[in-house]
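Across the two complexes that follow, subunit A remains constant while its partner is subunit B and subsequently subunit C.
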Partner chain A sequence: MAWSLFNLLIFPGFLFLFVFGLAMEFVDRKLYARLQNRIGPPWFQPFADFVKLAAKEDIIPEEADSVMFRLMPAFALASVVTAFFYIPLWSTQSLFSFNGDLIVVIYLLTIPTLTFFLAGWHSTSLFSMIGATRTLTQLFAYEVPLFMAILAPALLAGTWSLSEMTVFYDQHPAYAAFNIIGLIVSLIALQGKLERVPFDIPEAETEIVGGTFTEYSGRFLAMFRIAIDIEAVVGASLIAAVFLPFGLGLGAAWGFVFYLVKVLAVIALLALLRTVLARLRIEQMVIFCWRIVAPAALFQLLINLILSGVLRP
Partner chain B sequence: MKWLQKLITWARIKSPWIIHFNTGACNACDIEIVAALTPRYDIERFGILLKGTPRHADVLMCSGPVTRQIRDRLVRIYEQMPEPKFVVAVGTCACSGGVFKGCYNVKGGIDAAIPVSAYIPGCPARPEAIIDGVVKLLTSLQGAKPAPIADCGLQNADCPVGGQGAACPDLSGRRGGCSPQKAGLE
Partner chain C sequence: MANFKIPIGPQHPALKEPESFTITLNGETIIEMDMRLGYNHRGIEKACEERSYIQAMYLVERVCGICSHSHSTCFIQAVEEIAGLAIPARAQYIRTIIAELERIHSHLLWLGVAGHEIGFDTLLMYSWRDREVVMDTLAALTGNRVNYGINTIGGVRRDISKEHLAGLLKTMDILEERTKYYIEVASEEITLIQRLSGVGFISHEDTVMLGAVGPTARASGVDRDIRRDDPYLAYKDIEFQVITDTHNDVYGRTLVRVGELMQCYSMIRQLVAKIPEGPVTVKAPRKIPAGEAFSRYEAPRGEDVHYVKANGTDKAERVKIRAPTLANLQSVARMMENNRLADVPIIIAAIDPCFSCTDRMIRINDTAGRRKETISWQALRTHSLEWYRKQGVDFKDLNAKMRQRMKA
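Take a look at the complex of A and B:
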C-alpha cells in the first residue's frame, strides 16, 4: 500500500512527472530560442510560470458550466499521469502491465484532447468554442495515423502488451529499423496531439485569441499547462518505448540514462519541427494528415504484416 | 508562510505575461511594442510572453490616448484580467493624451479610464524603454527601489531642457535621460 502510494505520488508518479515535465518544457523553449538565435528563458522559467499562475485569481465566467470548467483540468492531468504507469521506461518492465495496455495508453492519451474540447465548449465563449471544434477536427486527422503507426510494431512483435513488446524488440534490436516510417508518423501525430506549431490551429492566438483556453485563468490554466507538459513527456516515452527499444537490459542506472537521452531526442525533434514550420490552416492540416500521413501509416502496417509472416512463421 | 509569499512574489517578477491593447494610438507605439517582441530583443529572457487573451495576462500594455469609443472596451478588458494585474501606459499619448490632448473625441491618458502602474514616455517609446518599464514595474513589487536611470553625461549647457533640476522629457532609460534624483522628481 505504502509502496504503491509512493509510486503514485513520488517516483514514477506525480512529483517525478511534474519536475520532468517542467524540465522538458524548459528544454523545448530553450532549444526553440537558440534555434531562433535568441538566448531564451532561464532554467526556472516553467516553474515560475506555474507558481505565478497557481497564485493568481481564477475567474469562472458566469456563462460557463462551472462544474465542467473546474473538473476538466483535473481529468486531463489524471489521465496523462495514469498513462505513464503502463509504459516501460528504463527496463523492459513497466510498473503495471497486462495484455492490451498499449490500447489503454493510446486511449488515455486521447482523453486530454477530449478534455480540451469539453473545457472549451463549456467555457461558452465564442473563441473557445471555435477552438474546441478545431480541437476535435484535428483529433480525427492525427489520431488514426497515430493508432496505426503504434499498432504496426505491436503486430510485428505479436503482442498487445507494451512490456512484452519491448522484450521482443530487446531480443531483436534490428527489427526496430523496420518501423522507421511509423516513427516519423507518430512524431508528426504527437506534435498534433500537443497542439504545437504547425498544428496549433486550436489555440491560434493570432486568430482566435487563446482558443480552447481563452477563458481559463489562474490555477485551472496552470493545471492544463502542466498536463500538456506531462503529455509531452508521456508521448515521448511512448515513442521511445515503441520505436527506440535500445539499452533496456543494462540495469536501472544505464537504462535511465538511455531513457533520458531518448526522451530528450524526441523533444528536440519536436522543437525543431516547431521552429522550422509555420501554422497550417485547418483544412490543410486535415488534408495533409489524410493524404500523406495516414497512407504512410497504412504502408507501415502492410510492411509489418508481411514481415511478421516472413520472420515469425 | 513568509517563504510562500516570497516564492509567489519571485514568480510574479519572473513571469510577466503581457497583453497589448491599442486604445487609439497612431500605431507607432504599437510597432515599437511589436519590435520589442521580436527575437532581436528576446524578452523571453525575462519571462515575458505575449498572450492573446486578457485572462492569461498579468500586464496590460496600452498604447495611445483613450478615445470615447474605446473607453468602455478598455475598462472591460481590464476587468477581464485576473488579479494581480498591472497596467503599463506606453508612449506619451498613453501617459497624458499627448498630441491628441483636447481633441473632442479623446478622454486623455490611460489613467482617465483605469489605474495605471507604470508610465513609459516617448513618442514612440523605444523597445528598450518598454522592456525597462515592465522590468522596473515588476521589481517595484519586491519593495526594492527601481534601478536608477543612467546618467546621460550631457553638460548643463547641452541639455535640451536646461540642465539639472528641470524635468527631463525622456526618463525612459535610454541614453539621454537625466537621473530622476538630479531632475528633482524624487
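Take a look at the complex of A and C:
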C-alpha cells in the first residue's frame, strides 16, 4: 500500500513527472532558442514560470461555467499522469498493465485535448470558443492517424498490452525497423496533440489571443501548463516504448539512461519541427492530415498486417 | 455556424499599435471587415504650428519610429523649397544614404513581423538579428538607432567619414548575403509559401482605384515609385529598378520587399562611389518667407506627403502630413474579403501598417456662429454627392469613367 502510494505520488508518479516535464520544457525552449540564434532561458525558468503563475490571482469570468472552469485543469493533469503508469519505461514491465492497456493509454491521452475544448467552450469568451472549435477540429485530423500508427506495431506483436509489446520487440529488435512510417506519423500527430507549431492553430496568439486558454489565469493556467508539459513527456515515452524498444533488458540503470536518451531525442525532434515550420491554417492542417498522414498510417497498418502473417505464422 | 463578430483590437497581440478591426465571420471565413482608427491621435500637425521650423522638424521626425528620416526629410524638403534653399550635393547624398539604410531596416523589420504573424518565429529572430547590423550602422553614421536627427534645414548635421563609407560597403556585403538566404527561404520553404500565396488578394484595378501606394501597390503590378517618377535627393544620379510583382497577394508583397532590399544594397554602393566632396550644409534663414510647398517622398511603406504653408515668420502656418498607411488602409478591407480568420494578422501586416503615424484629426470650427445640427452619415453622403453634382462632378460616373480609362 505504502509502496503503491510512493509509486503514484513520488516515483515514477506525479513528482517525477512534474520535475521531468519541467526539465523537458526547458530542453525544448533552450533548443528552440539556440536554433533561432537566441540565448534561451536558464534551467529553472519553467519552474519559475510555474511558481509565478501559481502565486497569481485566479480570475474566473462571471459568464463562465465556474465548476467546469475549475475542474478541467485537474482532469487534464490526472489523465496524463494516469496514462504514464501503463507505459513501460526502462524495462519491459510497466507499473500496471493488462491486456488492452494500449487502447486505454491512447484514450487517456485524448482526454487533455477534450478538456482544452471544454475549458475553452465554458469560458464563453469569443476567442476561447474559436480556439475550442479549432482544438476539436484538429483532434479529428490527427487522432485517427495516431491510433492507426500506434496500433500497427501492436498488430505485428499480436498483443494489445504495451508491456507484452515491448517484450516482443525486445526479443526481435530488428522488427522495430518495419515501423518507421508509424514513427514519423506519430511524431507529427504528437506535435498536433501538443498544439505546437505548425499545429498551434488553437492557440495562435496573433489570431485569437490565447485561444482556448484566453480566460485562464493563476493556478488553473499553471495546472494546464504542467499538464501539457507532462503530456509531452508521456507522449514521447509512448513513442519510445512502441517504436524504439532498445536497451530494455540491460537492467534498471542502463535502461533509465536509454529511456532518457529516447525521450530527449523525441523532444529534440519536436523542437526542430517547430523551429523550421510556419503555422498552418486549420483547413490546411486537416487536408494535410487526411491526405498525407492518414494514408501513410494506413500503409503502415497494411505492411504490418502482411508481415504478421509472414513472420508470425 | 451563424455569422458572428470578432474584435481584433484596439488591444490585440497581433497589433503593435491601437486600432480596431471588427471582423464578421462565418465559421472561419471573413464576410466583411469594419475598421476604426483614431486611438492614437497626438496632435502633431497643430503642435508644428506652435514651434519654429527647426523644432517642428524634430517633432515631425517623431511621427513614425521606423520611417523617421522619411518624415523629417519630406518636411524639410517642403521648407527648403519655400525658402529657396539649394542644399549642397554632399548633403543630398548623405540624406539619400540614410534614407536607403532606413528602407533596409524597415523591410527587414517587416519580414520579421510577417514571420511572427504566420507563426514562423524563427524568421522573426533571424531577420531581426540581421536588422541589428543596419541599426548599428545607422548609429555609427548618425549617432542614433532610431530618430537619426541627421537632417537640418539647409543640409545635414554630420558628415560621413571615409572610414564610415568603407565600413558601409562591408555592411552591404553582409546584408546582401543574408538577403539572398531569405530569398531562398521565401522561394523554398513550403509552409511559408502555403501561408502567403493567394492570401489577401487584391486585383490590379482595385489597387489603382483604392489608391494604394508603395510595396502594397507594386505587388499588384502598379509600377509607381516616387524615387523614379518624381526624383528628389540624389535619386536622379543613380540607377535602380522599381520592383513590381503580379502575384497580387501577400506572397507578392513579400517578394517586392525582399527585391527592394537587393536594390537598396546596389543603390548604396552607387551612392558611396559617387558621393561628391564639399560642404554638408548651407546657412538657412530663421524666418521662412511666405509661400507653400508640397513634398513627396517614397518612404519604405509608400508615398509620404507633406504640405507646408509658411507665413513669413519662424513658425509654419499649417503643416499637413499624410502617412503612406492612410493610402493603403482602404485596400485592406478589400483584401480581407473571402479570406480566413487565420489570415487576418498577416493581411493587415502585409501593408506594413503604421497606425500611429496615420492618425490625424479634422475639426471644423464654425466661426460664423451658425446653428449646429446633427446629420446622419447617410444624409451627409447624399448631401456631398449632391453638392459635387452641382459643381459638375458626378461620382457615380466617375467610377465608371475610371474603369474605362484603366481599360484603355
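Definition applied: the second predicted complex is superposed on the first by the 313 of 313 C-alpha atoms of A that agree within 3 Å, B and C clash if a C-alpha of one lies under 4 Å from a C-alpha of the other, contacts with A are read in each partner's own complex, and residues count from 1 in each chain.
What we mean here is this: a residue touches a chain if its C-beta (ideal position, glycine included) is under 8 Å from a C-beta of that chain, and two chains touch if they have at least 3 such contacts.
Source: prediction; values computed, not measured.
S.K.: Between subunit B (first) and subunit C (second), which, if any, makes contact with A:Ile130: first, second, both or neither?
M.R.: A:Ile130 contacts subunit C only, not subunit B.
S.K.: Contact-wise, after the overlay, does A:Arg38 reach subunit B, subunit C, both or neither (first, second, both, neither)?
M.R.: A:Arg38 contacts both subunit B and subunit C.
S.K.: Identify which of subunit B and subunit C touches the larger number of residues of subunit A.
M.R.: B
S.K.: In the overlay, answer first, second, both or neither for which of subunit B and subunit C A:Trp121 touches.
M.R.: neither
S.K.: Just to be sure I read the superposition right, which of the two partners does A:Gln284 touch: subunit B = first, subunit C = second, or both, or neither?
M.R.: second
S.K.: Does subunit B (first) or subunit C (second) touch A:Glu215, or do both, or does neither?
M.R.: first
S.K.: Who does A:Phe20 touch here: subunit B (first), subunit C (second), both, or neither?
M.R.: neither
S.K.: Once the complexes are superposed, what residues of subunit A are shared between the subunit B interface and the subunit C interface?
M.R.: Common interface on subunit A, subunit B vs subunit C: 36-38, 127, 205-206, 209.
S.K.: Where on subunit B does subunit A make contact in their complex?
M.R.: Of all residues in subunit B, those touching subunit A are 7-8, 10-12, 14-15, 39, 42, 44-45, 47, 51-53, 55-56, 58, 80, 82-84.
S.K.: Where on subunit A does subunit B make contact in their complex?
M.R.: Per the stated touch rule, the residues are 29, 33, 36-42, 44-45, 47-52, 55-59, 127, 205-206, 209-210, 213-218, 221.
S.K.: Would you tell me which residues of subunit C are touching subunit A in their complex?
M.R.: 4, 6-7, 12-14, 28, 115-123, 125-126, 129, 189, 191-192, 194-195, 340-345
S.K.: Using the touch rule from the top, collect the residues of subunit A that touch subunit C in their complex.
M.R.: So the residues of subunit A touching subunit C come out as 35-38, 126-127, 130, 197-198, 200-201, 204-209, 275-284.
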